[in-house]
Amino acid sequence: MSLTLKQAEAAIQAAQQKAQELGVKMNIAVVDAGANVTAFARMDGAWLGSLDISIKKAKTARFFDMNTGEIGKLSQPGGPLYNIEHSNNGLISFPGGIPIRNKSDEIIGAIGVSGDTVENDHTVAEAGIQAIQ
Amino acid sequence: MSLTLKQAEAAIQAAQQKAQELGVKMNIAVVDAGANVTAFARMDGAWLGSLDISIKKAKTARFFDMNTGEIGKLSQPGGPLYNIEHSNNGLISFPGGIPIRNKSDEIIGAIGVSGDTVENDHTVAEAGIQAIQ
Amino acid sequence: MSLTLKQAEAAIQAAQQKAQELGVKMNIAVVDAGANVTAFARMDGAWLGSLDISIKKAKTARFFDMNTGEIGKLSQPGGPLYNIEHSNNGLISFPGGIPIRNKSDEIIGAIGVSGDTVENDHTVAEAGIQAIQ
Amino acid sequence: MSLTLKQAEAAIQAAQQKAQELGVKMNIAVVDAGANVTAFARMDGAWLGSLDISIKKAKTARFFDMNTGEIGKLSQPGGPLYNIEHSNNGLISFPGGIPIRNKSDEIIGAIGVSGDTVENDHTVAEAGIQAIQ
């Protein structure tokens, strides 16, 4: 089971709307169950460097089926997954990437958001997911 | 001058519609004047390998401000730009990538489409551009 | 709005002059608003390894529209952007990269300097920027 | 023996002047004897995709101590160096890259120019070299 483009576009629209409410400019990426980008949008004036980060957050969330921030807790110096960010052509392990589940709780993709504080990135990602479930 | 996300999304929607008319499944990428991805969509069931190709087509069209197929005419064995595809982390030099111009004829970005024959790729890219101009 | 080659060259000349005053040998890179290299100079005898670092500093400063050292404060172990350096084919998050603004306070590019202490790198970058504003 | 930054900058200025005479917009790169970039300039409005190509031309010319176009003659299908462009993170084997020699005929670096026809690229590269010898 994988999400559809229609679902990915709905997530991106909802995320954009939340970003506008917060007054922030985001890069928003949605990947499917195979961790391949399905849809992407960069809001006007959003950081150029967040393009790659938003995609890496979405991929990271699907690679390990957990929120990206969870991986960051394990990848610190002395932690069990220290520097796991070196794998897979670069992971991003701070908040803003979240797996997307269907009603049967199966993971069908992931969303990644980057462009402001990690708290706002996560909030906007959550808003995107709400549009699907 | 660079295109806006709103323009990029309009191009992607128009390209999707044309693809549906043709009964084909496309990856569609739009880059801005700086050759950075602004919006992207992969239609359900579209070739996974065309994800990267569509992005490279859009970038290639902006890198050299011409249709990607024009570069391919010059990069053949014995041609003046033989193997130019090795530059810029990989170019795509067959049809499907087209620069996007504003009403003042300034290049403000490019579109890249991949997923079917190069003729259909180009036709769908053209449809995307019509939505902007 | 993006800086011109003439502005970039003026920044590099001013940075070189400051480096000579300090008795240090620098790599100096200037990128435009699209984060693409516009001009570069490596002073005779400057560290070879600083070539890539100076370019990455300039790109990083433009990618996030802030001084590179600011990112380094956030990317430490336990910090909110831990290991962000893995994105964008490698960021540099210590001082020496600074966005370049025009008189309207719009960001039109960035400068990156590498070759000595990060304090000297930053000082030389600042001297480069003074030549433009 | 390697060229100095002063020599590299003289070559780039002379190349720019020739480009202006021809009415073309060029990316111009100079590498030292170690094939490391010493100086670079992208003229306003020059193709973005030629940034990487100009650097690869300069490196290719120094990697093999010959004009880049000579390598292209050998790298054609059926030729002795077929597809050598896959090495060294990408070579460019059409004209526009030329080794730089000192008065003792030692190679001290190379220049690479990209932005127009390969004939004009080569002509502008030659003009850059004249400023050094």
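By letter and in written order, the chains are A, B, C and D; residue numbering begins at 1 in each of them.
The rule we apply is simple: a residue touches a chain if its C-beta (ideal position, glycine included) is under 8 Å from a C-beta of that chain, and two chains touch if they have at least 3 such contacts.
Chains and their UniProt names: A, B, C, D = Glycolate utilization protein.
Bear in mind that the values here come from a model prediction, so they are computed numbers and not experimental data.
Quick check: more C-beta contact pairs in B-C or A-C?
Taking the two pairs in turn, the one with more contacts turns out to be A-C.
Suppose each chain is reduced to the average of its Cα coordinates; what separation in Å results between subunit A (Glycolate utilization protein) and subunit D (Glycolate utilization protein)?
Taking the mean C-alpha position of each chain, the two centres sit 42 Å apart.
Hey, how far is the Cα centre of subunit A (Glycolate utilization protein) from the one of subunit C (Glycolate utilization protein), in Å?
29
Nearest whole angstrom, what separates the Cα centre of subunit B (Glycolate utilization protein) from the Cα centre of subunit C (Glycolate utilization protein)?
It comes to 32 Å between the two C-alpha centres.
Pull out every residue in subunit C (Glycolate utilization protein) that's touching 2 or more other chains.
34-36 - these are the residues of subunit C (Glycolate utilization protein) that touch more than one other chain.
Considering only which chains touch which, how would you classify the arrangement: line, ring, star, complete or other?
Looks like something else, not a line, ring, star or complete graph.
With touch defined as at the start, can you tell me which subunit D (Glycolate utilization protein) residues reach subunit B (Glycolate utilization protein) in the complex?
Contacts found on subunit D (Glycolate utilization protein): 47-50, 52-53, 56, 72, 75-77, 83, 85-86, 90-94, 117-118.
Sort out for me which residues of subunit B (Glycolate utilization protein) touch subunit D (Glycolate utilization protein) in the complex.
Interface residues on subunit B (Glycolate utilization protein), with respect to subunit D (Glycolate utilization protein): 34-35, 60, 62-65, 77-78, 80-84, 86-89, 91.
Can you name the residues of subunit B (Glycolate utilization protein) that touch subunit C (Glycolate utilization protein) in the complex?
Checking each residue of subunit B (Glycolate utilization protein) against subunit C (Glycolate utilization protein) gives 33-36.
Which of the residues in subunit D (Glycolate utilization protein) end up touching subunit C (Glycolate utilization protein) in this complex?
Going through subunit D (Glycolate utilization protein), the ones touching subunit C (Glycolate utilization protein) are 4-5, 8-9, 32, 34, 36-44, 48, 51.
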